[in-house]
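Think of it as A, B and C in the order they're written, each chain with its own count starting at 1.
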């Protein structure tokens, strides 16, 4: 597949979740480079750096201190050079309202944090694969909506 | 005013009075006539005897003359002529009198004339006797003739007098007889009239006393009633006032004075005095309503505040209506209610309601947040357990492996519980947006959620066409998921679950105990399965939160599923019932209003 | 004002590629989507430069035969899905005939290279088209189901939901609200 490693950015304030995520990505067949931020403010600061390498996929937790995932989402979608990043909401909430809301605000993917590691691996694989398809097969990113439980 | 009983004593009294007067008049006239008749008859008797006397006087006068004549003839004494001369006068006098007395009787007049003639002849005879007895002109033969003639004349005179007397007597008798006849009737008449009058008077008396008794009773009732009214005004904290529009006089009931903080009849109520008691905030509105009363002939309910003399504020509610009574007078009847207690109670209730609502909301969000926040550590537990790889497990002791799997089971159970709790709280708290939805679509969604189990148990689901209703879509979907899920879960072992969903339109009247009668029509959706069923004695309790019929090791479940179903159905103002035959199957019936 | 713009990736890419290659003074002929015949053979460095030039734009120079085949399979699938009268074509038959290989072989190569199956890709493309038809052409689900050869609307809905995780109606709702937000 891609020669260049996929850049993944996870914004999550929970240490354990970051650990799970990292481990899961290690077992993904695509080459990835995973970076982490701890909260919303840190995320925006990171993204707004002038020469930063923007992620291919941004995994965004909703419940973050200082700035919530939703606030970041809205801000990112308003920022010209950031709005085309594929954003996957990665959250514990399974409220239909939250889900639809984030999609409406521009999220591409919604993932409910699984309680099983294997499921997490599967999800991540699917996301990455699908993302690759979108890159390579001329699929419309604007219509890219995916919900994974 | 129909309730005044008709007393007819006034009419009967009048009648009786008139009759009595008439009877009295009648009786007096009869008495008067009687009197008159008596007078007349006595007068007649007098008259007759008067005539009799005069005639006798006449006779005696003539006899005196005769005696005088005889004495003179015999003695030739002049002294015997005196009675003779006097007698002549007497005769004349009597005659004149007799003429008067017999003036009304022409027959008697004639007789009198005859008598006068005879008497004149007699006196002529006397004169002749004097002449022929005078020694100068003595003529014995002529004397004897005249003396005998005189005797015969005397007899004729006597006869005539007797005849006249007889006639008078007969006349008297006749008249007396008539009077007697007339008089004889009057006592009978009088007595009968008297009796009649007496009867009337007795009847009248009875009627009057009856009427008076009735009057007394009604009066008493009225008195009791008005006392009760006054009492109920006090108890019920309301008062009445009357405004006679024709006379422009206002009457307050006793309690009206009291409600305004005064003693009864403390002042004379005028049209505008009432406004003085009204709280300044409401003065305008009340004044306007009062204007409106006269025009509209009624006063719709108005609410206002009253300031008592002691500056206490009371809340009032008033209404009024124009009444026209039997006599045609216009009376405005007003009723005032002191609703201060209710008002304050209301205010308190509203306050309580607000607090309850707030408390409810807090509870609900607590519920939601708690379930939500509980998920986090649980998820971690489960994820970390799943990280314990097979390789790791291989080096664990058997008991440690066992413990880990037990932790897994418990964690899974907890997750299910929390998920269900979350679902339950969500049916309460989220905005209830009713959208017209096709229930068939929602059912399809539910089925797709359960695809795995459906395939695994090789279940068949038959559906009849479901309607389009105003519902909260995700809740109805959850309802379907829970009900179908249950049927799938509790199937009879080794038997493929068959679930039938049927729809029927029913009227709420057919289920008066179950359904809210506001809606007329309901859709009855029955979910019947061929599962293991349950003991029908539990058909009410299975909907209770956390009630389960099986142990959790036999069948995974939290006891929340059906409670959620019940809550969802209640949110839609419907109803859900369950029934079953143990070992045969169960039927869940959902009623949703149109 | 709002405009709906439909763009043809193929045209864009071809033009772009052409531009880029002309910059490098490379003459070429286009053989198909993604297939270019260069007039001259490139050196390894030149190829490397070309790759690096193109990769920022998402272009990957594929050397591998299998990758080429996979690309062809993808093209064929896209063609199949976007065909309007494909009622009688079974995808396996179509692909086998078009690409002159057995379906089994094609399937294996595809999975090897992409780590996902042809079936999945077909579904992905169909759903993608369905999305387009929903949003741009504003067709009803019934019409779309018919056009894309689904046995029923339910089948389409199910597959849509399985692929994207949301129902077609939810998808429409979300996109609609997104557009409203952008106003």
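Assume a contact is a pair of C-beta atoms (placed from the backbone, for glycine too) under 8 Å apart; a residue touches a chain by one contact, two chains touch by 3 or more.
As the structure is a computational prediction, the values presented were derived from the model and not from experiment.
Participant: When contacts are scored as defined above, which chain pair ends up with more C-beta pairs, A-C or A-B?
Facilitator: Of A-C and A-B, it is A-C that has more C-beta pairs in contact.
Participant: Relative to chain C, which chain has the most distant C-alpha mean position?
Facilitator: Centre of mass proxy via C-alpha means gives B as farthest from chain C.
Participant: Find the geometric centre of each of chain B and chain C from their Cα atoms only, then give the gap between the two centres in Å, rounded to an integer.
Facilitator: Roughly 93 Å, centre to centre.
Participant: Indicate the whole-number Å distance between the mean C-alpha point of chain A and the mean C-alpha point of chain C.
Facilitator: Once rounded, the distance between the two centres reads 23 Å.
Participant: Hey, how far is the Cα centre of chain A from the one of chain B, in Å?
Facilitator: Each chain's C-alpha centroid was found; their separation is 85 Å.
Participant: Tell me, which residues of chain C touch at least two other chains?
Facilitator: Not one residue of chain C touches more than one other chain, so the list is empty.
Participant: Multi-chain contacts in chain A: which residues touch at least two other chains?
Facilitator: Within chain A, no residue contacts more than one other chain.
Participant: In the complex formed with chain A, which residues of chain C make contact?
Facilitator: Going by the criterion above, the answer is residues 9-10, 13, 55, 58, 60, 74, 78, 113-116, 121, 124-125, 128, 131-132, 135, 164-166, 170-171, 173-175, 177-178, 181.
Participant: Can you tell me which positions in chain B touch chain C when the two form their complex?
Facilitator: Where chain B meets chain C, its residues are 444-445, 448.
Participant: In the complex of these two chains, what residues of chain A are touching chain C?
Facilitator: Touching chain C: residues 1-4, 29, 100, 103-106, 110, 129-130, 132-133, 135-140, 143, 145-149 of chain A.
Participant: Show me the residue ranges of chain A that touch chain B in the complex, using the header's touch definition.
Facilitator: On the chain A side, the touching residues are 14, 16, 20, 23, 92-97, 113-118, 120.
Participant: Enumerate the contact residues on chain C facing chain B in the complex.
Facilitator: That would be residues 154, 157-158, 161, 167 of chain C.
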